[in-house]
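Accompanying notes for the structure given below.
First chain written, first letter: the chains are A, B, C and D, and each begins at residue 1.
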Amino acid sequence: MSGGGDDGPTATFLLSCPDQPGLVRSVADFVFRHGGNIAHADQHIDRQEGTFFQRVEFSLDGFGVPRTELADALADETGDVGMRIDVRFSDVVPRMAILVSQQAHCMEDLLARWRTGDLEVDLPLVISNHPDHADLVRFMGPQYVHLPVTPEDRQGQESELSRLLVEERIDLVVLARYMQILSPSFVEGWRGRVINIHHSFLPAFAGARPYHQAHLRGVKLIGATAHYASEELDGGPIIDQDVVRVSHRDAVEDLVRKGRDLERVVLARAVRAHLEGRILLHGNKTVVFD
Amino acid sequence: MSGGGDDGPTATFLLSCPDQPGLVRSVADFVFRHGGNIAHADQHIDRQEGTFFQRVEFSLDGFGVPRTELADALADETGDVGMRIDVRFSDVVPRMAILVSQQAHCMEDLLARWRTGDLEVDLPLVISNHPDHADLVRFMGPQYVHLPVTPEDRQGQESELSRLLVEERIDLVVLARYMQILSPSFVEGWRGRVINIHHSFLPAFAGARPYHQAHLRGVKLIGATAHYASEELDGGPIIDQDVVRVSHRDAVEDLVRKGRDLERVVLARAVRAHLEGRILLHGNKTVVFD
Amino acid sequence: MSGGGDDGPTATFLLSCPDQPGLVRSVADFVFRHGGNIAHADQHIDRQEGTFFQRVEFSLDGFGVPRTELADALADETGDVGMRIDVRFSDVVPRMAILVSQQAHCMEDLLARWRTGDLEVDLPLVISNHPDHADLVRFMGPQYVHLPVTPEDRQGQESELSRLLVEERIDLVVLARYMQILSPSFVEGWRGRVINIHHSFLPAFAGARPYHQAHLRGVKLIGATAHYASEELDGGPIIDQDVVRVSHRDAVEDLVRKGRDLERVVLARAVRAHLEGRILLHGNKTVVFD
Amino acid sequence: MSGGGDDGPTATFLLSCPDQPGLVRSVADFVFRHGGNIAHADQHIDRQEGTFFQRVEFSLDGFGVPRTELADALADETGDVGMRIDVRFSDVVPRMAILVSQQAHCMEDLLARWRTGDLEVDLPLVISNHPDHADLVRFMGPQYVHLPVTPEDRQGQESELSRLLVEERIDLVVLARYMQILSPSFVEGWRGRVINIHHSFLPAFAGARPYHQAHLRGVKLIGATAHYASEELDGGPIIDQDVVRVSHRDAVEDLVRKGRDLERVVLARAVRAHLEGRILLHGNKTVVFD
């Protein structure tokens, strides 16, 4: 969907809590009474787990509660329902960093979407354990930092990585075919803010060289999966997936080539969903509103 | 999504009106104050036309307004906003008739879905201008009425058709590859309650013999389109569409064969969406909630 | 593609052997010199393994070699290249048996395709460990044999099953959601002639209750896989696969319902490919010509 | 499929003629007798029109006919069958020019594929009626020529365009969202060598502003079509098409955005098929071998 940006800034609540009667009404009431108008609202109830999810976007012009107090005010008025509240503002542009290794197609795709304004995000920083893409990235605009990884100093590289992300006030880290494993403590610290693209239809072919695995197994479709990073490698909450048809005619290198197009599109869709505040994390699953 | 049938009956409002502030809150408030709980709610605002659409499903157990007064009560409480209100009840099973000509695959598919409970609908009546399917349909259960069409008595056949649909209290007519043209007055009288399957990706290849047209043009995908019938042949509001890949190897008869699988699935999806009350008609377009 | 049935009977060679120069020419030469005309020819060379695969369909009218001697004659003329030769005739209709348990959708789909001539096959026999589908199957035409499975007499049931398949001269056994495990010796004896439909995108979610597994993992696509049965459960050579999009809105029962449409179409495509002699088995993989 | 480039250079015949017995054998025989080995061979017979199509790729090392005489030699040996013969060599890299207007996503995509070696092509020249992309293109490597179009001097611009294409010995012209109409004489002169991307599922929504047309009609899928340019605007032979699902939530600008991903992938697939010599033109249709 298109945002309501033409009509002044909006705030978006991402809400989840145990389901109970009156939640939709409470939130709608809160927005209405303080002078907002709901531009979009999506609800989902997971009946098995009894969990309520909502995304509500509303106009801020003339709204009777200051931005910094929105979450508290909503919590107050909805009462003691254990609601998890996340707030985003349409005029606060998030800041993204890309991590990349040798294969550049996902990074280039994100760069192009950023440059043309297709993705509304700031992109101050690209970090790689390879020096290869420096010229291209710098021509496009972002800073390119080469952070080589050595077996002896894996931890030092990650510390420097963390420092850069903090220094640049990064909101979202995109692993655009970054082939280094991040430590559990890094992943934990950035939970829900690191998106990875895995080049298979997870949970099939987790781990290394998925296209080789797929070729060996003789599958008739190959896939790509965008997911949030988690301690369990390739096991994090799935955001988006897609597949493309292959046949006996496709050698491993054909799978690699066809897969590249998939990876780019699936990763870009996941990044967009995150940036537009359409994803709610819940355990190891995601609710992704349209 | 799965309905909330386990928890007692529900009512579903299908609402549309010119957009204005407070609509979501008004409806949520109405449900809450009379003792209902919202099981599902979907909104859509068409910003170009400034139209608000909503589907709200809520529990009826203990609800403080009788079923027959629901629409009026909601209209009263939301005020003079020009709201179009449609109400459905989860425990009132709609009644469907199928019209079919010689090709039986769509009819058979709907029969199978009905028989196994996959579609929650009553299916008392199948009407055809051909006698061919009588044995199968009767074995399955529904009445089979053979209404031949002659050039001289097209109008008489349609009158009899109308009479049967009324007599059987039919809510939804499905044209499952019914190859006869219905009169404008029939279509007008049944507006929004007749679903047709056209065997092309409309608006490409409207009219007769779309697979022949597609083959002639050399397209690389063929499609099927489920839409509500309208005065303009193949021009009514589209509910669902899908495509399948074809190649130079496919002769017209291959397109026909591949198309059959498409037609069945697309038609069934559209019928399901209608039966579940997920479609809002608006001019010549549809809002189909997930 | 459409067969060449209008122009008299054809023979189809399915060939595989270690690749070497001149194979295409040898086969084309064989057909030409004996008076045949090639209607279709597809080749594939697996460069990694150095294996040559070919499917050649040619006219039999006036062909200078009797049907029973075709394979030997081709072997003679192509020389000592280790060629595996399989021959099929367009006017010899294969005989298929369906095995089914409680869920009938795949069986019903195959029955409908057989009854309308969409699948060119004889279907004399449906076997089930449940009595439920007897009336429907008998109305449609085939014999319905109820072979209950008891923990004590699993082997006895399989013996009776084998006896029936042989008695009815069955060429292809389709496991249309047959939920009983077949013994390794049965599978070995019927290698390449038993097609199973598994309700997941293999190798993801092998084993029991794949839709529950998929729901738990939070995937965004669900799949179905048609494969030849092998000793390793759900591990046999894959013939066809497909997927459909799902979301957080889909409960397990929605996955089951959406999956049914996938299963039917994927199984039917695999059965068609087998019946048209378009599949070459090679180790644990398949070559499926268009 | 992957080419056989590792094993020395290959030649590829693209052949078409009225069908008659012995064609496959004649060509295989020609290759064999002169010392070649067939790496790939695909045939297709259009039974309705009685036309034979073949693509044969074979090794050139030690082949007994010089490159320049291949077509004539084959014509001699196959006899008077009216065969149209096109020959390509795996070690002769074709030269491509891109024409682009304001929207750069298709051009950028092709540039990236060229730069990373994903497309085996030389790309000396990008021409645009806008100056906007000069810096990016030049950074990437190709020459960027700005050829503005004025109502008064449409013909002059096209002459200069033609001159540049000839000067740079261009084999393939790609209209990567080039929004200027080319004259019939230009199109005629470059028949089969100009690929255009149209942002709809042709023949639906030919002409201007297809996404607006699609939105107005309320379709549930949007498409993109890659085709050879022809005198009839948007009417040329279709090479590839694809679609993506849209819904009532998508405004025109969402269709535009979603369409961009489609356009890039469909155009790239068509360009690849052309560069790999897998397309045979036949009247207003294409045979595209896998």
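Some points to look at:
As a working rule, a residue touches a chain if its C-beta (ideal position, glycine included) is under 8 Å from a C-beta of that chain, and two chains touch if they have at least 3 such contacts.
Everything quoted here is computed from the prediction, not taken from an experiment.
When the C-beta pairs in contact are tallied for B-D and for A-B, the bigger tally goes to B-D. Centre to centre, using the average C-alpha position, chain A and chain B are separated by 36 Å. Averaged C-alpha coordinates put the centre of chain B at 42 Å from the centre of chain D. Counting only residues that touch two or more partner chains, chain B has 2, 47, 247, 249, 251, 290. Taken chain by chain, the contacts link every pair, so each chain touches all the others. Contacts from chain D toward chain A in the complex involve residues 1-2, 104-105, 108-109, 112, 116, 118, 139, 247, 249-251, 253-254, 257, 260-261, 265, 268, 290.
Contact residues on chain B toward chain D in their complex (touch as defined above): 44, 46-48, 53, 201-205, 217-221, 223, 237-243, 247-249, 251, 284-288. Those residues of chain D whose C-beta lies close enough to touch chain C in the complex are 2, 4, 21-25, 28-29, 31-32, 37-43, 45, 47, 245, 290.
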